[in-house]
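What follows is chain A paired twice: with chain B in the first complex and chain C in the second.
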Partner chain A sequence: MEPQQVAQAFTQHFYNIFDSDRRNLEQIYRPESVLSWEGKVYQGKDAIVKHLVNLPFKNIVRKIDMDFQPTLNGIMIFIVGTLAIDGEAKALKYAQTFNLVLHQGQYLLLNDFFRLALE
Partner chain B sequence: MYKNNNNSNGSNSANGGVNENLKKMVEITIAKATAFIKEFYYPLYDTERLEVLNLYKDPSISIWNGTECQGLEKIRNLLSEIPKSSHTIETFDCQPVQSFPNILPEDIDNPNILITVTGKVLYGTVSTHNFHQTFLLVKDPSNPQSLFISYDCIRLTS
Partner chain C sequence: MSGRGGRIIKKRGGRGGGGGGRAQSNPNRNRFNVFVNRSNNNNNHVDDSYQRICISNLPSTTDRNDLMDFLKNKAYKPMLNFKGSEYKNSRFYFSVEKPEDIPSLVSLSGVRYGGVKVFIAKEDKSSFSQNRVVQNTAPRANNRKIESMKQQQFTSNKQMKLLEDHIDTNYTKSTVPELVDFSYLYTTKEIDFNDLKTIRQLFRLVSEKCKKATTISFTHNSITSLSPFKAMMTHSLDNIINFNFDSNKIANLSELDNLLDLSLRELVFTNNPITNIPNYRMEVARKFPDLQYLDGKEITAEDFPPSPIPPLRSNFCDSAERQQFAYKFLEKYFTAFDKNRSDIITAYFDNSKFSITYTQDGSSNPTRGSTKTYQRFNRNLKKQADIVKKTQLLFDGYDQIYNFFKLYPTTSHYLASSVIDTFLAPGSQYLNVVIHGHYLETVFKTKRSFDRVFILAPAQAGSEAAKNGWEAVILNEQLHVRPYVRFPRLEQQNGAIAAAPAVPDAQTQETLAQQLSIVTSLKPEFAKECLANNQWDLNTALENFKSLKEQNQIPPTCFN
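Right, the complex of A and B next:
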């Protein structure tokens, strides 16, 4: 698969799961994954998924722009976008970075950064 | 900035050593990334622009708002063309980029590092923009104790 296709497929897959049932994120994160969420660092699948599942919202409507860059052993994905939570009219701006590593034919999510933009 | 979640990693309890290594890598990463942002990249960028070139090597790629520059010559041109700048850092996050599947012993004290930064930048005297920038710092093969910018990408978001 071309890097662009990998980036698009992963991004779509990740957000489909995130925006529908965050418990299924345990399929994506691994023991080695690290998440920076609004300045706090969560280490490992269990801690990460527990944090994300406990976030106090249900529905997200999202619009994004995506850039990507192949790395020596994988691909980095940069997303800038907006998200509207639980039907609120005002959408929040955010930025997210994923670092995926290619291992035995699969792209694994190792690093994840999420920040809402300060307004 | 670092929250210790060891007690919720039930599946890693057999790998206490692995958690300790990752924890140490995170601490070292925070120290190095803080120095990179606060003492090197942005201060130099704003006051000694061409010194920033020393942070790159020839395989480096620098992307400015969608314009990609690969190699020292193109990066030098890019640095010369951008107007005088003044950056205000609002947030930054950093993580070690561990080798996979196993953390190598030499990586614990000296990991590759991913940094994301948000803030405001003034170019010239008039136009201020919000920006988002990502850096990938990797070990210099000819001098492994030293990191260089393998990749950086800045997007102006306003």
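Right, the complex of A and C next:
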């Protein structure tokens, strides 16, 4: 697969899961994955998924723009967009970066950075 | 006051004619208080409900609509409305709907229209009425013109003198050199603080005479518009960081945009209509990222609306050493980027990748600044349909990357107020640095927010990067630019590892207990007890349960 297809497919897959049932994110994160969420760090699939599942909102309406770059050992995906939580009218701006690493023919999500840009 | 009024009446009365009658019905009118006494004006003449500008040096055949459009554009006032026009005595008179638009029109005086230099002034009502009497007598009209210009010059000199006297008598002798006080001068000295020329003179005087000043007070001056205050940018008055506009007539948040380019610490708008606007404090705080006090009250997180997501925390880094490494790199990089951009070229190598994305929101002004540069190179894969374009927009190698940055606007980054996340990707020696912040486009005076991601590798000894003092080389870089948004105040970083977890609500407690009960076969009430003893953390509860069970410490009655 072309890196671009990987980037687009991954992004779509990730957000489909995130926005429907976050518990299923355990399919995506790895034991060695690291999530930096608003400056807090969570290492390992269990810690990450637990944190994401416990976030205090259920429904998300998301709009994103994306870009990607091939890196030396994988793909870096850059997302900026807005998310509206639990029917709130005001959408929050955010930026997220995924670092995918190619390992034995598979792309693994190694790093996930998430930051809100609150107004 | 009464002397001035009387003189005008007498003069006009002597000339007779309709003009005299108009003037008598409004004896208190003079150029200094055109913004008040509106209600005293019981004249029925339709034009008189608007202030007018007078444009000279153009032939009567000039296309008025085109001229109006030209002026609107030149003054950057798309909302400006003209309410009628008249050509008299070799001059155009345009009625202006909103008096606050007049200063910016007058400031255009001397502009070239169709190759001809045109002069624009606020209409002087007294010369206007006289002109009606001496219609179409060209030589006399010319005299009038000169007289009117002299009159304006006189007024302007007089204001200047008043301001200068005021500074000399009050400021120079003051024991507080930090404060320049222009309060009440509208009432006591008839100085018009809505007039661009006045404010320009004022700032010039302040920059010459009040070198230690940090605060200017304009209270009780009937200020409706802040647009003249833009003039401050042209004087180097960076030391003025506090403005007091108490008891004026500022009503619109958009007026504050005229102060946006200033770095402000404190603003006061008490007793202005603007303070009644919903979310006033938040709106103001959003506009001025450096503002610390508004109306005498510190700006805090409470000024921002509650959000279901916790506020931003400060920078994260997995090790202090790496953090220092990253900061050192960023500092060098952004200093070069802002001041001597060609220096950044050596921080890239021939395989570095760079791309930029740009988003715009409805409220941002698309014509401002260098939006076009961002749009042209925007590599938004969600929107770009053209695959060829996409490939081209991924800049590859230091040559292409630097060529792009040559087109990038000159900037001034605020690194100190940025949020920076840094860490080493596990299993690699690459450092991921994510920086969120804002910069000022120095030429366009436009602020932009950005997210910028770097993947850094340590610079090899002897490499081009190392020779130029870079400790790291950029493998990948992605830059996202968007309209300026204010970051909320950062939470205080306290030494504690984690705050005490909050107790979840009853429904969540039930759900958790149910989950634990399913996994462990504990009766729900014991599952709940187990969770409560473990800060409602399911995993901890489960672990503790397992170890207790192994030690056979759980009585069988606890199970289903």
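We adopt the following convention: the second predicted complex is superposed on the first by the 118 of 119 C-alpha atoms of A that agree within 3 Å, B and C clash if a C-alpha of one lies under 4 Å from a C-alpha of the other, contacts with A are read in each partner's own complex, and residues count from 1 in each chain.
Simple rule for what comes next: contacts are C-beta pairs under 8 Å (C-beta built on N, C-alpha and C of every residue); 3 or more make two chains touch, one makes a residue touch a chain.
Remember, it's a predicted structure, so these values are computed and weren't measured experimentally.
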Touching partner for A:76 - first (chain B), second (chain C), both, neither: both
Chain B versus chain C as contact partner of A:32, first or second or both or neither: both
Partner chain(s) touched by A:88 [first = chain B, second = chain C, both, neither]: second
Which superposed partner A:108 touches (first chain B, second chain C, both, neither): first
Partner chain(s) touched by A:44 [first = chain B, second = chain C, both, neither]: first
Chain B versus chain C as contact partner of A:57, first or second or both or neither: second
Chain touching more of chain A, residue-wise (chain B, chain C): C
Which of chain B and chain C A:4 touches, first, second, both or neither: second
Intersection of chain A interface sets (partners chain B, chain C): 32, 34, 36, 39-41, 46, 50, 67, 69, 71, 73, 76, 78, 80, 93, 95, 97, 99, 101, 110-111, 113, 115, 117-118
Interface residues, chain C side, partner chain A - complex: 286, 304-305, 307-316, 318, 353-355, 357, 359, 379-383, 387, 390, 394, 419, 421, 423, 425-428, 430, 432, 434, 436, 449, 451, 453, 455, 475-476, 478, 480, 482, 485-488, 538-539
Contact set on chain A toward chain B in their complex: 31-32, 34, 36, 39-47, 50, 67, 69, 71, 73, 76, 78, 80, 93, 95, 97, 99, 101, 103, 108, 110-111, 113, 115, 117-118
Chain A contact footprint on chain B (complex, rising order): 1-3, 5, 8-12, 15, 18-19, 22-23, 26, 61, 63, 90-91, 93-98, 100-101, 114, 116, 118, 130, 132, 134, 136, 151, 153, 155, 157
Chain A residues within the chain C interface of the complex: 4, 7-8, 32, 34, 36, 38-41, 46, 50, 55-57, 64-73, 76, 78, 80, 85-86, 88, 90, 92-93, 95, 97, 99, 101, 110-111, 113, 115-119
